[in-house]
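Presented sequentially are two complexes of chain A, the first with chain B as partner and the second with chain C.
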Partner chain A sequence: MLKLSKMLSLLLISSVVLAACGGKNENEGTNSGGNTDAKVQLTAWAWNVNVGALNSAMELYKKDHPNVELKVEDIGRLDVYDKLSTGLAAGGAGLPDIVLVEDDRIQGYLEAFPKGFLNLSEKGFDSKADSFPAFKNELASKDGKFFAFPFDAGPTGMFYRTDIFEQAGVSVDTIETWDDFIAAGKTIKEKTGAQAVPIDKFKDDALFRMMLNQLGVYYFDKDGNIDFNNPKAVQAMDTIKALGDADLVKDVNGWDGTVSATIDGSVATVPFGAWYYGTIIDQAKDTSGKWGVFPLPAFEKGGNRAANLGGSSWMIPSATKHADAAYAFAEYFATTNEVQEIAMDKHGLFPSLQTTYDSELFQGDVAFFGGQKIWKLFSEEMKDIPTPYYTKDYALALDEATKAQADTFNGKNPADALKESAKRLADRTKRQANNG
Partner chain B sequence: MRTKAYVPYLFLTPALGLFAVFMAYPIIYSFLLSFQTSEAGEMVPAGLSNYQRLFTDEIFFTALKNTFLIMVVQVPLMLFFAIVLASSLNAVKRFKGVFRVSFFMPAVTSLVAYSIIFSIMLMGDGIINQVLAIFGIKAVPWLSHPWWAKAALILAMTWRWIGYNMVIYLAAMQNIQESLYEAASIDGATRIKQFFTITIPQLKPVILFTAILSTIGTLQLFDEPYTLTKGGPSDATLTIGMYLYQTGFRYFDFGYASTLAYVIVILIGVLSFIQFKVTGDDE
Partner chain C sequence: MMKTFKIRSFFVYFTLLIGAVISLFPFYWAAIAATNESGKVFAKPPVLVPGVKLFDNIANLNEAIGIGRVMFNSLFVVIIYTTLSLAICTMAGYAFAKFRFKGRDLLFGMFLMSMMVPYHALVIPLFKMMAAWGWLDTYLALILPNLAYPFAIFLMRQNMLAVPDAMMEAGRIDGVSEWGLFTRIILPSVKPALAATAIFLFMYQWNSFLWPLIAVQTKEMYTLPIALSSLFGLSRIDYGQVMAGVTLATGPIIIFFLLLQRHFISGMLGSAVKG
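Showing the complex of A and B:
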């Protein structure tokens, strides 16, 4: 009886999910016998600029594979995870053939659902490993087996408004350290009224993560111990507090708030991964030519200025009915220079496919950024990026780090706030906290 | 004409079927899940360990405390103002419909639209703080200060549900005998005295009903903290409902999430029981 009701509910849930997804499925599934000439309808879940990249790649792919159709569902980033978790927990019901997952979440999914995703090494992806940087490969695999196709990376930079800097009479060449940045920020605020950086003070800690990575530390060390109490982590939070104390932080509400601040010029710089280029050219068209990029300021003169934020990879749920077709397309996507160059050129997604870095695109001027060679800047950064250790408990660590940042902005001493968060995280994850 | 005994059941089948699939099955399954834990993707029996974990879970107690704090302040406040509103509307002679509709509107407004508008209005430089500034009041950190964030949630929830409760009271007031008020005013009772000695006692069963509904609603509170504050700053508006969601869908701990769900069920049961006892209505 339980079996029957389980089947019934799965059936109902999947039909509801399919119906809710807008039902363009009427001509699929006529033949799933693996015939290469048969029409294959693939579905994919992605968000934001990735959707366009996927569609552009499919146009190219169809020239040689006219039988393959791709339907990309543009779902919000967090909604993808909600739906993916629900679908995996329900044994794969209602999942697409290809799904975009951010690098920081991959290990969590692989740990929670070891049988949920296709083992790409078994399909032969190991032979492509040399095309990607080592840290990206590490993030896309578990126990030496690939479970994700490395896609974009997020070498960081300070996207800044050249017109605001000019108006304030500040040159980016004078900004080497975070102290320099704070001094410049004060001048800019005084002269133009623009604040220095947008931070979602109480809900997200993106800048903190960039600083951690830049300093060669992260939420966890490479043995998986909690590293919130590392003096470098405290240094990063102290710097964020200093920005706040100088009234240089615009408190923004989530992603939308950050984008609005970017468009309306209420902040002079936006520290983010290279992928933010896509959002700027898309959302702030009127400001063409008024943008520039410089690397994150260092913590001391001559210190590291390279870091990574974000980046994502494609995964194939093992519940797919078209494993071979999905693998073939995703591999094509991940390893074809032309596809990756389009993804970057048109959608601002910085490839981790190293074979593309020598191309004209990477060495050329970018008009929207006043002719600056921003891609050269980003690609040169790649080799200096330390590996961040996310672990399967990344989501919990993110939650606790965000709380530490919120407490800091509400007046707590950064070291104390981090210490309390580290203790809570240790309770929640049963991990050791360093210097606890 | 005699109906065969099974015929009524035949008519009930669709409803029972839906109930079995969408209610009974999840209820039973989540109960079983609450005694399991995930190991390498497989759910394995865990005995009572999920329930034991509750007692050492600092965040669970924070969530519990927040939920009760919001409930204790919000439910009486909202119900009281709903009654006041209902009895003033009951006295209004013109534009009755306009008032009723406009107060009820929030209850049928799309949750997403309402919370986006509230989050924009409550922003640091949002319209509410701009209006306060006109009166020389310093900007209130609505969504970022531990206390103000709770106040903002209470404000938003009250706005959304006050009209709903008001309509229920308004309907109940139609059943109060007009003669009671006439007798009272002949005896010299003021309007305010009438409100406390006639209206409220007469509404008692309805007040109990709305109090229970609101209590249940608040114990399950999820929408407002999720959309307005994400439970922050630093868990200051984390409710049990939010914690349940995070545990299940952010941290993939479905076993412990089910345990939290059953904690909510037990709390609702106990609180409803107490409310029945305190108000002395056994019907």
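Showing the complex of A and C:
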């Protein structure tokens, strides 16, 4: 009997506690952003280092706007999308005033939820467009209207181990084209045993995407047609195959495998976006001074060496109750040099705001990279980066491109592998495939 | 005779030992990684001895997610959920197993069918409901929606079916009340199932990710899995910090299992002997 009364009282207690926890006050934050004197509480969703960047920016912003408060929720990168999609599908319930979205997802959201986000052009963002590189503007807008504030970018480079190159007697100045790179890779492998690049052969195609972008093509063309059969796409896959045939590719398992290969020196170069700097200095502390960066090799002498991988932008869900205040702060964040320099300096986020590139930060030496001016190198790339077209079917295209790469490494002719992938992608997305 | 027994038990224990090492190694490795600095998780050969960074990692973790608050949220939610849900599911299972009422089998069938609906299909309607009621970001939203858990009801019903009606009839003849039948005859005979269901519900709620992620709006309400997931950015991950968090997160499950395992195992033996 004792047991029964115990159980009952436990039940009672817990239901009382439950009742006490409910009924949270939902009345806060009904002020509109229009009245500048009223207190405004903005909320934002972001992940990782971006949270710090937002908070630093708010500290500066508050000097002139003491009435604005910002609460940033630190949410895992992929978790943001789960929450955002649910909120949008539920008609905007529970969404924040500002949310960080990666560039490769912006178009997908705009297509799926055409009314979900604030049209920034209507608020006057068009006048700021000149401050950003063309590709970034194109990624942040739909039908000529801005829906996102361009933020960080990932200009690409070959992160390389200077000690391994020295040991092999190879100078990066001699590497202009991918053919030069393969030749250099062979020498390095012979002399030091290190392979040229890490690739997750069967699960990720990051290098292929960088090459596509570099060549001015992508999974899709400007009109949203599948572009896997573009001769340039085939050329990129041929180059990856050539790297594989020369036994210069270290097959790595996912992100962790790539980082692992970076640290243990089993590869001489890692092609990635500028943000990989942060990973290297965090995880490979012992290798300080042994790193350098050179641009992606071109496909022919004098060809384009600029490309981008990654990057994100801020969006304002149209369900916000503080559209004006959110816009004002986000615009301040996106277009203020000081904010972007802090984001870069303290949080390793490479800005796309071009007016920052003249600052000392971008022109200075980087000790971890043996005093090389790596930020200057990356910033000079930005203006030459072609626009990659992601569309809302980006995830499916990524899946098919990865299959094409896997088939290539399994011995299939790259052109055939891409052709088959293009056909499957056309079936899955009901899109046209060029040259199909 | 004795000798073959010894040899046999040697092999049994040896195999079990290998199994134990294989299944325990990841926990060991996570705990070791929690005491080393981030880059060490990539070391070759793997680092297998404790490092000196444990307190740094825990301090970093605390700064990033606020361990106390998050741990409280998780424990609070899981304890209340497990208690309430176990009570509800046990009683529902009892009703389905031992009471005859109109539409019982239909109702039970509907419950079983609800197990087949993928959870993702329920999330958006559920979210809309919670938003309409102003329950987003409250403990109510974390605890209430899954209280009547079909699988737990199913588990309890099946176990109660095995209790002979004759036992209850004997109880009735002796003048035991209906409530007494439930608490003094049925519950004691399904003790192992109760323990199993409790462990199941505890683990389900402790590891629950998608719903809490969506229902919770502010950092102050994060449960452990949500907070740990927030440590993953695109390229900058402090693995030492993550591993410290993961190690902390496995603690309560292990403790809860150890607390209940006596009932769990004695129940299995008991039912085997009863025959």
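Just so we're on the same page, the second predicted complex is superposed on the first by the 363 of 436 C-alpha atoms of A that agree within 3 Å, B and C clash if a C-alpha of one lies under 4 Å from a C-alpha of the other, contacts with A are read in each partner's own complex, and residues count from 1 in each chain.
Just so it is clear, contacts are C-beta pairs under 8 Å (C-beta built on N, C-alpha and C of every residue); 3 or more make two chains touch, one makes a residue touch a chain.
Only a predicted model underlies this, so the values are computations on that prediction, with no experimental measurement involved.
J.: Output check: A:A134 vs chain B and chain C. Expected answer is one of first, second, both, neither. What do you get?
T.: It touches nothing on chain B or chain C.
J.: Applying the document's definition of touching, compare chain B and chain C: which contacts more of chain A?
T.: Of chain B and chain C, more residues of chain A lie in contact with C.
J.: Determine, under the contact definition given at the top, whether A:R77 touches first (chain B), second (chain C), both, or neither.
T.: Once the two structures are laid over each other on A, A:R77 reaches chain C alone.
J.: Check the residue A:A89 against both partner chains and state whether it touches chain B (first), chain C (second), both, or neither.
T.: Touch partners of A:A89: chain B and chain C.
J.: Can A:K201 be said to touch chain B (first), chain C (second), both, or neither?
T.: A:K201 sits against chain B, while chain C stays out of touch.
J.: Touching A:I263, do we find chain B (first), chain C (second), both, or neither?
T.: Second partner only, chain C.
J.: Using the touch definition from the top, say if A:K115 reaches chain B (first), chain C (second), both or neither.
T.: first
J.: Common interface residues of chain A with chain B and chain C?
T.: Shared contact residues on chain A: 82, 86, 89.
J.: Which of the residues in chain B come into contact with chain A in the complex?
T.: Residues of chain B touching chain A: 20-22, 25, 38, 40-41, 56-59, 119-120, 123-124, 143-146, 229-230, 232-235, 246, 249-252, 254.
J.: In the complex of these two chains, what residues of chain A are touching chain C?
T.: Contacts found on chain A: 3-4, 7, 10-11, 14-15, 17-18, 21-24, 26, 47-50, 71, 73-79, 82-83, 86-87, 89-91, 93-94, 102, 256, 259-260, 263-264, 275-276, 278-279, 282-286, 310, 348.
J.: Sort out for me which residues of chain C touch chain A in the complex.
T.: Chain C reaches chain A through residues 37-39, 42-44, 64-65, 80, 83-84, 87, 123-124, 127-128, 131, 134-140, 143-144, 179, 183, 210, 213-214, 217-219, 226, 229-236, 238-239.
J.: Once bound in the complex, which stretches of chain A touch chain B?
T.: It is residues 5-6, 8-9, 12, 81-82, 85-86, 89, 108, 111-116, 201-203, 251, 253, 395-396, 399, 402-403, 406-407, 409-410, 424, 427-428 of chain A that touch chain B.
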